[in-house]
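The block underneath contains the structure these notes are about, expressed in C-alpha cells.
Chain nomenclature is as follows: A, B, C and D, assigned in order of appearance, with residue numbering initiated at 1 for each chain independently.
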Amino acid sequence: MEIIEEDTWVCLEDNRNESKIVKVSEKKMVGWRKHKFDIGVILHKQYNTFWKIDKSNTVVEITSDQFYDNADLDNQIDDANIEITKTNKDLFDFNDSQKLTQEEIIQLKQQKEGEEIVDEVIQNSKTFEQKTEFSKAKYLKRKKEKYVCCFMVLKTTIDNVHKTQFLESPQKLNFMRIDSLAFFMQLSSITQNSNILMFDNANGVVVSAVAERLDGEGSISTVFWNHSKSNLRDYLPIQQMNFNEEILKSIKLIKNLEDIEKNQNKYTHLLIAGEFKFTEIIEKYLNLIAVGGIIVIFSTYLEKLHEVAEQLLSSGLCSKIDVLDSFLRYHQVLENRTHPKVEMNAFGGYLLQTYKLK
Amino acid sequence: MIQYGDTMILFEDGKPKQFITVTQGQTYQNKYGAYHHYTFLVKPGEEILSKNGTGPIYLMTPNPHLITETVPHKTQILFMADISMIILKLCLKPGQRVIESGTGSGSLSCSLAAAVGHKGRLFTFEFNKERANNGKELFAKLKINQATCFWRDVYTNGFLKGDDVENQGEFPQENSVDAIFLDLPQPWLALDHSKKMIKKGGRICCFSPCIEQVQKTALELRQQGWKNLETLECLKRHFERRVKQEQSLFDDVQKKVCTDQNKRVTYSSGINQAYGHTGYLTFAQYI
Amino acid sequence: MEIIEEDTWVCLEDNRNESKIVKVSEKKMVGWRKHKFDIGVILHKQYNTFWKIDKSNTVVEITSDQFYDNADLDNQIDDANIEITKTNKDLFDFNDSQKLTQEEIIQLKQQKEGEEIVDEVIQNSKTFEQKTEFSKAKYLKRKKEKYVCCFMVLKTTIDNVHKTQFLESPQKLNFMRIDSLAFFMQLSSITQNSNILMFDNANGVVVSAVAERLDGEGSISTVFWNHSKSNLRDYLPIQQMNFNEEILKSIKLIKNLEDIEKNQNKYTHLLIAGEFKFTEIIEKYLNLIAVGGIIVIFSTYLEKLHEVAEQLLSSGLCSKIDVLDSFLRYHQVLENRTHPKVEMNAFGGYLLQTYKLK
Amino acid sequence: MIQYGDTMILFEDGKPKQFITVTQGQTYQNKYGAYHHYTFLVKPGEEILSKNGTGPIYLMTPNPHLITETVPHKTQILFMADISMIILKLCLKPGQRVIESGTGSGSLSCSLAAAVGHKGRLFTFEFNKERANNGKELFAKLKINQATCFWRDVYTNGFLKGDDVENQGEFPQENSVDAIFLDLPQPWLALDHSKKMIKKGGRICCFSPCIEQVQKTALELRQQGWKNLETLECLKRHFERRVKQEQSLFDDVQKKVCTDQNKRVTYSSGINQAYGHTGYLTFAQYI
C-alpha cells in the first residue's frame, strides 16, 4: 500500500467531478469550494481514500459509499424508481421554486453541515413534492453535490493534471483537449534515448507527458514561450507530476535560443505544442533534426498547420504529412438512460505529423 | 412596414432577445434607455434608437430559425440541428398535413407549420395543459393560422376527434396525414395511433434522448411493418474568427529587433462549448 | 392511390441502399447494376412498390418481404441466431475463400437468376461451413445483395435527389452533405413572397429545395456557375423534382448578370451554395438586399466564410454573423448490435448566416 | 545504422507499405525495379534508390504509430484514435505491468509495450491460435522483449498460470498488474478474473463495438465495485490542402477581361471518408 508522503502533489477529485491538485504537507491550509481546510490531515494516509469537509472545516475520512451518496456522478447505479414521464422534457427539467433566499442559504452554510443544508433546502422547495420519483432523486443528488463537499485522493497522472488545468482555463493549454494530447503522444512515438527538441506553449503539460514517457532515458530540450524568464519550477504541471530526479534532469530548459544549436547530436523529434510561429521554427531548426526523425505540431488553427505543411513539402525533406483532428464524446451509461453526454467540448485543436526523410 | 399589433423579434446587442408585440402607447426600456413603440413603425431590420439616441435595436419578422432562438423555454427544446433534419427527412412540402406530439415550447411547431405553408395544416398535441396553452397563444400571436394545438394524452386518446370537449378546431382524419413527429418518452405507445393517421407513403420521425428508447421504438416500428428505418444524430458547432498578431520567438528574446510587427492574421477556430447530445432521430416510412 | 404517370421522374432504391432516378415512359430502357431493362413496365402502377430484375432482364413485381429477403438493410429484423463469438474481430469479419473464379461467376450471371448464383457461390465457399450462424446469415445477405437486383419505386424528394447525386459525386454538390442542405434551408427561412437572389454551384439541388419550399409563391433569380450556356433543363435535379408549371415559372434563370440589378424590388434573400467568389458577390449585390433580408452562404472552405464574414462586418450592415458546421452520423439499431454506422461522411462543409440591418 | 536482421518499415510512394527484414543476399522488387538488401544498410529514413536509380524508398524504425498503419490485418483492428486514448487514460507509465486480451493483430500490443517500456511487462492473451502465433512472431521480429503472448480462452481460464503446458514464459501474479485492456465480445465474463489480477488503484479499459456490450460491462463493473467509470468514443478526421484559382463570376461571362488571373489560394478541407465508429471505450478504476 502506498502512503501519501510529505511534499507530494496529490489530486483531489470532488463529488461534482471537479478536481484540484495540491501539495501535501503538515498543517497546509487549502482553499477550495469556499472552504479553507488543513490538507495535512491526509499525510501518511493511503491513496484512493475518501474525505469530507465538515462544518468546522475539518477534513474527516469517509467510506466510498458515503462519498458516492453525495455525488451524482455517472459511475453510480441510480436506483431511484424511474417513472418514465409523460414528456421527454422532464428528463432534463430541474427547475425549482425555492422559498429560501440566497442570503438565508449563505447563513445556513455557516451554521450547518452539508447534509443538514440539503434537508432545509428540500423542505423549502415549493415544487419538490410535485416531482416524479426520478426527478426527486436527481434533485436530491444535485443539492448534495452543491452543499456537501467531499473528495477522493488520487495520485496525480497526466490525465488528471491535464483535466485540472483544462477546467481552470482551456486557453492556457491552447484548447488542447485530452484526446489531442493523447494523439500528440501517440504520433510522437517517444522511445528510449529519444533526443527531443520541444516547444511547449501549454504550460508544461505536454512536456510533462513527454518526460514521463521518456522516463529519464533520453533528453528533452524545452523552449517555453516566455523562455527568458522561466525556470522549470514555474510550470506547475511539471511539479505536480512528482517526477524523480532522473526525469527532472532529462528536461533541459532552453533559456537562450542559441543553445538549441549547440546540441551535440541531432534531435530525433521536433515537437511543438501550441501557438508559436511554426514556419520560423521549421526554417531555423529543420536541419537539426535527424533523418528518420519525427515532427509533430499541435495548433488551434488549421490554416497555420497547412502553411507549415506547404513549407515542409516544398523543403523536399518530408513525405506523408498528416493533418488531422478528432471528435471526443463521453457517454452516460445507465439503465434505460444511456446517451452521449450533453456537455461537450466541441473543439479540440488540430495536429500535424510527418517524418524527416533524406 | 411594421404595424401596431404585430409580434416581432427584438434584436438587442446584435442578438435576438425576445418577442415584442408592437402596441400603441407603450414603451420598451433597456439599459440604453426608453423606446416609444411608435418609433417601431418602420421596416423590419431598420435601426431604432432609444430616446437618448443610443443603443440601436432592430425588430425582425419572426421566422422559424429566429423563433427557435427566441422562444422562451424552461426545459430542453429541439434546436436548429434537429429541426433542420426533421423538416428535410420528413420530406415536408407546402400543402401537406402533419401531426406533432408534444408541442413543448412550440419551437419545432413553428418550423413544421412554415414547411407545410398556409395551404397545409399542423395538428399539434400536448399532454401538459400549461404548455398546450402556451402553444395556442404562440400561434395566435405569430398568426400561424395553419396550426392547431390540442391538450391531450395521446398515448390513451390518439389523434382522432374524441370526447374531450375542451379541444376545439379541426381534427385530422384517418389515413390523411403526410408526416408525424413524436417527441414523447415512450413513442412506441403512440405508434398504433400513428399508423391509423398516416397516408400510404407517409413518414414518421421519433425523437428520443436515450438509446433504449430508440431500441424500443425501432422494434415496434418494424413489428408494425414500417419500412426504410433510419436512425441518426446531428450536432451543430460554431466557429469564430480570431485576429492574432504573429509573434516571433526571437523578437521576444532579444526585445530589440521586432520583425513583422504589424502582421495581423485572421484565423478561424471552433468554439468549444456545444451540445454534445440532444437526441436521436428515428425515421420510417409507411409503405 | 397515386399512380406513376407517363414522363414522371421516380426514384429507384435497390437492395444495396443505392438509388437511381429515372424518367418513366413506355418502352424506356434503363441501364443499372450491369442490367439493361425496360422501366416502362412500372408505368401506371403504384408508388412504393417492389420490383426485381430477372435473368431475362425483365422487371417483375415482388412483395416487400421478397425485397427485404435480398437486402441487408438495417430496417430489417435480422432473425439469425446470434452466437456471440469469442472475439470482437469476428463481428466484422467477412473474408471468404471462394473456389469459383471471377470468370466462372461472370458466366453464371449470364445463365442464372440471382438466387441461383448465390446458391452456387455458397456451395463453392471453402469457409462457409466454418462460420458462426451469425456470420453465415450475414454472408448470405451480402451475396444476395450482390447478385440479386431488386428495387422499390419511390416518389422523388429533395432527400433522395440529393442522395442520388451525392453518391454519384459529392464534388458536384461541393461536398454539401444532407445535413448542410437541411441547415441551409432552415437558416434561409423561406416564406411566401420571398424574392430570392440565389447563386447555385450545386447542380441545381439547392435551387430545387428552395423552389419546392417557395411553391410558386415568390421568385428565385438563379445564377449558376456556367450561367451563359445554361438552361433550366440542363439541371437534372430540377427536372427530377417533377415541379408543376407554377413552380418552374418562379425560377428565373439569370443568363446575363446585368439582369440581377434590373429586379424591381429588393431581394429578401441572398443565398449562395458553393464555391463562388463570395466577396465579389457581396460587394456587387449587398445593396440589392432589403433591410431585414437574410444572407446564407455554404462553402467547403472555412477560410472563405471568415473572409466574407469580415467584409460583412466591416460593411456595418450585418450583425450576428453565425459560422457553423455540423456532425451527422447514422446508427444501426438492431437487437444486441446497436452502434453508430462505421461508414461515415466525415466532412459536410460550413455555413454562414446573417441578417442585413440598417 | 540499419543492420542485417533488423525488421524495418518500408515507405513506398511516401506511405508505409510493409514490414521488411533486412537479409543478406536478398532483393526487394517493386514497380520501380529491384533493390539489393545491402543498399539498405544506411540510416533509417535515408533515400534508397532501385538499381535503375528511380523510385526512392525509405526504411523507417518501427514505432507504435507506424506499426498500427503497417500491421497486416484481415479483420477490424484498433486504430490510432482508440489506441491513443487507451494509453493515456489507462495512465500507463514506464515500468508498469499490463494485461491485454485479445491480442488480435498486435497493433495495440505494440503501443502498450512501448508505453510500459523495457522495464515494464505486457501479458497478452489470444483465443485464436493463429492470431496468438502471429503475435509471438511479431514481438520476436520487432524485438519487443517485454511482451509475452499466450494462447488461451480467458473467459474460462483467466490470466494466472494454469495447466495449459503450451504456454511458456512468465505469467502475471495476483494483485500485481497496473492496467488491463479487454477487447472481447463479452468483457463482463472476464471481469472476475481481471479483479483478481489488478492492483489497488489500477485501471481497466473495455473496448466494445455495440452499446449493449457497453451496458452489460458497465453494470458488471459497478456490481463488482469498480469506481470512476467513464465511457467515451473518439474518432479521427483528416484534412487536405487544396490549391484553387479564385475565379470571378464576371470573367467567366465576358471571357475577355480576366481579373486576378494568377491568384491561387490554398484552402484546407476535411476529407469526407472516415470511420464513423470503431467502438466505445469504457474505463474504470479499482479502488
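Here, a residue touches a chain if its C-beta (ideal position, glycine included) is under 8 Å from a C-beta of that chain, and two chains touch if they have at least 3 such contacts.
Please read these numbers as outputs of a predicted model, since none were measured by experiment.
Peer 1: Where are there more C-beta contacts: B-C or A-B?
Peer 2: Looking at B-C and A-B side by side, B-C shows more C-beta contacts.
Peer 1: Per the centroid of Cα atoms for each chain, what is the distance between subunit B and subunit D, given in Å?
Peer 2: Each chain reduced to its C-alpha mean, subunit B and subunit D end up 44 Å apart.
Peer 1: Measure off the straight-line distance from the CA centroid of subunit B to the CA centroid of subunit C, and report it in whole Å.
Peer 2: 25
Peer 1: Go ahead and note the Å separation of the Cα centroids belonging to subunit A and subunit B.
Peer 2: The computed centroid separation for subunit A versus subunit B comes out at 36 Å.
Peer 1: Mind pulling the subunit D residues that touch 2 or more other chains?
Peer 2: 211, 233, 235, 237, 268
Peer 1: Of all the residues in subunit A, which ones touch at least 2 other chains?
Peer 2: 302-303, 327, 329-330, 338, in rising order.
Peer 1: Given which chains touch which, is the overall layout a line, a ring, a star, complete, or other?
Peer 2: other
Peer 1: Run through the chains and report each pair that touches.
Peer 2: After working through each pair, the chains in contact turn out to be A-B, A-C, A-D, B-C, C-D.
Peer 1: Which residues, counting only subunit C, touch subunit D once they are in their complex?
Peer 2: 84-93, 95, 170, 175, 177, 199, 223, 225-228, 256-257, 275-277, 280-281, 300-304, 329-330, 336-348
Peer 1: Over in the complex, which subunit C residues touch subunit A? Could you list them?
Peer 2: For this pair, the touching residues of subunit C are 302-303, 327.
Peer 1: With touch defined as at the start, can you tell me which subunit A residues reach subunit D in the complex?
Peer 2: Where subunit A meets subunit D, its residues are 1-2, 47-48, 64, 73-77, 152, 154-155, 157-159, 178-179, 181-183, 185-187, 189, 191-192, 212-213, 215, 290-294, 302-303, 305-306, 309-310, 319-320, 322-333, 335, 338, 350, 353, 355-358.
Peer 1: Flag every residue of subunit D that touches subunit C in the complex, lowest number first.
Peer 2: Listed in rising order, the residues are 74-76, 102, 104, 127-128, 153, 183-186, 207-212, 233, 235, 237, 244, 246-250, 252-253, 267-279.
Peer 1: Any idea which subunit B residues touch subunit C in the complex?
Peer 2: Within the complex, subunit B touches subunit C at residues 11, 14-16, 43-47, 58, 60-61, 63-66, 80-81, 83-85, 87-89, 91, 93-95, 111, 114-115, 117-119, 200-201, 211, 214-215, 218-219, 222, 227-241, 266, 268, 280, 282, 284-285, 287.
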